[in-house]
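To keep things simple, chains are lettered A, B, C and D as they appear, and every chain counts its residues starting from 1.
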């Protein structure tokens, strides 16, 4: 873990709602992999003029990596960024997603959050010819997907969190990753586990993972604000996460 | 008094340390005169994203007025402004300076502050062919004056707040305006009164004025944070100021 | 809308909007004329008043902080008699009730002020400010003395003593409690280099007072309405206090930075909705910006919105 | 530099820099390895520890505020025995003394913890945290019990009770007082829509605590050093506390936003001056940014600078 500087090299609008930032980052971040994130603070050139509002660092999950030192970040179009802007970065935060060695098909679910935390895996998995299905649930259904790779199957879930060929999709998938937003995230993961359980009656270990995006005050395992109860133990989202096997995570 | 919007139409660098902003303002400000100021807050287009740091409005004394709706503001070059930027303005704050009807010669003093509060009078007084002397004291001696009209005589005071032909300058002047910065401003005015009193033994009323630039929380006479003790009475900088006859102001 | 913000009884204060300025922020009468539509407020709370004139504090009065301000004015005022004399006519013309803030100094002072104020019909109610660090016995005596007035009595609690004093004072004749006065603090005046003491204002005060309101609302008998004051900077801040059990709110220094915010909060809690036209220019809809004519319509509070009934009816 | 930050006597704690983290901000041992140079700090204060394991709070833990944060963690920890077992070796390797923060629960708890800690040489001192709303008699009993330990005892005061409790506790066996724990507050979790209670952190806490330190330094006997904690976000904030009479400071949540700030404050108060080369790139001089090798030189504190002598020698 270290603190480094980055700057915004380019800003591209990808659709009505989102823009992507090309972030030139320190070499220490070039080994960042899907699942790992950055804790970001906008800084001034004149360090002394530092403001404390906003106070917390933002949690950014890169969606792609180019040329070893460009991380691509997806942000709402209404957020104001300028090329050349300096950022202070703590990272990489967390552990890479662990994929099965023999992965043929993966199911991604974004529920009440943008799928950004799940997008970094797309390029490497497509290269491995893994079949990818992305299900958008709750407010995630408003997410426009035109800029995502065409090979991905995209499904809008119904209000009851199901979709037409749900049983088949679940059966085909070797692994499921469910991204939820902060605020009631454990309840939301519980909702999804109930829906899945109704379709598939015994859920193996390392099959369905919740991807958490709680606000991280420190990001380094110091403050313990991101601690989760797992069966028989406790883990930190910032150190051990963001993905946790939903059969072990306590969801109440 | 009202609140209105303004935007920055143009930014011009006038020297190493200062820039000038052309501010397109509401018609209600077109009658603003030397001595009157604006209380300014930078605002976002997206009002909801409002931040509370900085918390107080800034006190800006325009240095010039063009075409009835452009106010010119002098600001340190290191402050960050962009053309098109929106501002919320409360103003005009305070009373115009009261000049003698028969004014031939005026002495301006800036002590531990930029002379900005005194510059708006330059153009109209030069038009009336008033002789103007500007004395820079304390930290004001660092102020570069190349961009000021050539007709003005500029003097750097010595460390003891005097200058070579001080007695003559004081004798010639029909009126003296002394601008001081916030923080120990009354002590600073006291220093200057002592220096003047040593040169000129009876100081008439309405001859020497202190121009105050205290921080104004409300600017409309409500909070009473800017209240000053005058002989036998009390006045508000924001309503009755910024200029006060130094023979009536209680300086301790 | 008619909201009774004091204990029901012989003297009681009814306002049309549960939003008012905090003492010391809006002056004695109409300083904010042209900037705020007084008609939209529930009441005017005046600057603090004492019987004798008080002089302004010497030295620095205001220090900007990160997202806040320290203020030390010394509560200058020309004394109760002059305050009444100079403002009586203005008060009569205001479209809203006037609450006079009386500095709580001593029992004798309170009794004397009370007898003067009983003759002033333009004053609808009195808010008594208790000083920081006051002992419970002194506070009780002060409140009992002030309660002899023939007007509703609001009592503004000091910050640090609030948890301790609010429950007993609720029993002592107050018609409403105002939680709280701003806390005292110390900060450095960067210009002069000195440490300066004063009161601290800013959005970070709100979570501190919001907890006090929530906890004390559960502890204090429902007959005493609580009026919340501290760090309100948005309509949502005000709604949070109402949700926590306050019957009304006082907005303090936010008004200085954004005068229209006070009105905007009053419109929000008062049941007016400022509708934004789809293609309206900023100037045309945002009540915080320039000459705005927001569209007004009387509406029932939104379903999930604040419960605007007085606290005691909960 | 050698500064005694506790009352001189049998057990006393000497640090080389009067700057340390506040309990709960830096973890139990070396979480900030690679981000902060521990060598520059005066001491490590651990996260709060209890004898039994404590579970994390349920629900929202952190709510961003305007220039601040609300935090409610439930102080999760695996219990004193495991904390010692897991961290002992790391503590031994740290270049600075370790102060264990012990949650003040009961006299029995304090006695039990004390007898366990007496055997742990890696712990240089204990900081006892008193709970909010604690009664004076309970606080006195707790401090007396904890003071039986054969280590220096720091006592961290609750915020609202600080004015009331600090003077009597200074007489009760504490070797230093830490002013104060963060105040409790309530804020709305925008994501979940609920009100959440927790502790409030941010720069606006500093003027509140700075006044406490200044006033109590005048009230409390000089033998008891005061360590200041609350809203420190810059070297100047730390210097203000030292000017007000604190012997040392604890930096809290500023570290999370800018890890190097803690080190920077320690360098500043420790007498190291980080000199900026005239043409240095930002990365090369600013200790807050990236891989910085600031130039270090031992220097006498500047003339007008902070008085770094322990409080009791004043």
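Note that a residue touches a chain if its C-beta (ideal position, glycine included) is under 8 Å from a C-beta of that chain, and two chains touch if they have at least 3 such contacts.
In this text the structure is predicted, and so the values were computed from the model without any measurement.
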Other chains in touch with both chain A and chain D: B, C
Most remote chain, CA-based centroid, reference being chain B: A
Distance from chain D to chain B - Cα centre to Cα centre, in angstrom: 45
Distance from chain B to chain A - Cα centre to Cα centre, in angstrom: 54
Between chain C and chain B, distance of the C-alpha-averaged centres to the nearest whole Å: 34
Interface hub residues of chain B, defined as touching at least two other chains: 51-53
Chain C: positions in contact with at least two other chains: 65-68, 202-203, 233
Category of the chain touch graph - line, ring, star, complete, other: complete
Complex interface listing, chain C residues touching chain B: 24-27, 31-35, 47, 55-56, 58, 60-62, 64-69, 71, 73, 75-77, 189-193, 202-203, 233, 253, 255-260, 282-283, 286, 288-291
Residues of chain B that touch chain A when the two form their complex: 46, 51-53, 78
Chain D residues within the chain C interface of the complex: 65-68, 70, 133, 160, 163, 183-188, 195, 197, 200, 202-208, 210-211, 214, 233, 236, 240, 243-244
Chain A residues within the chain D interface of the complex: 1-5, 26, 41, 43, 45, 47, 50-57, 86, 88, 90, 181-184, 214-229, 234, 252
Chain B partner contacts - residues on chain D that touch it in the complex: 66-67
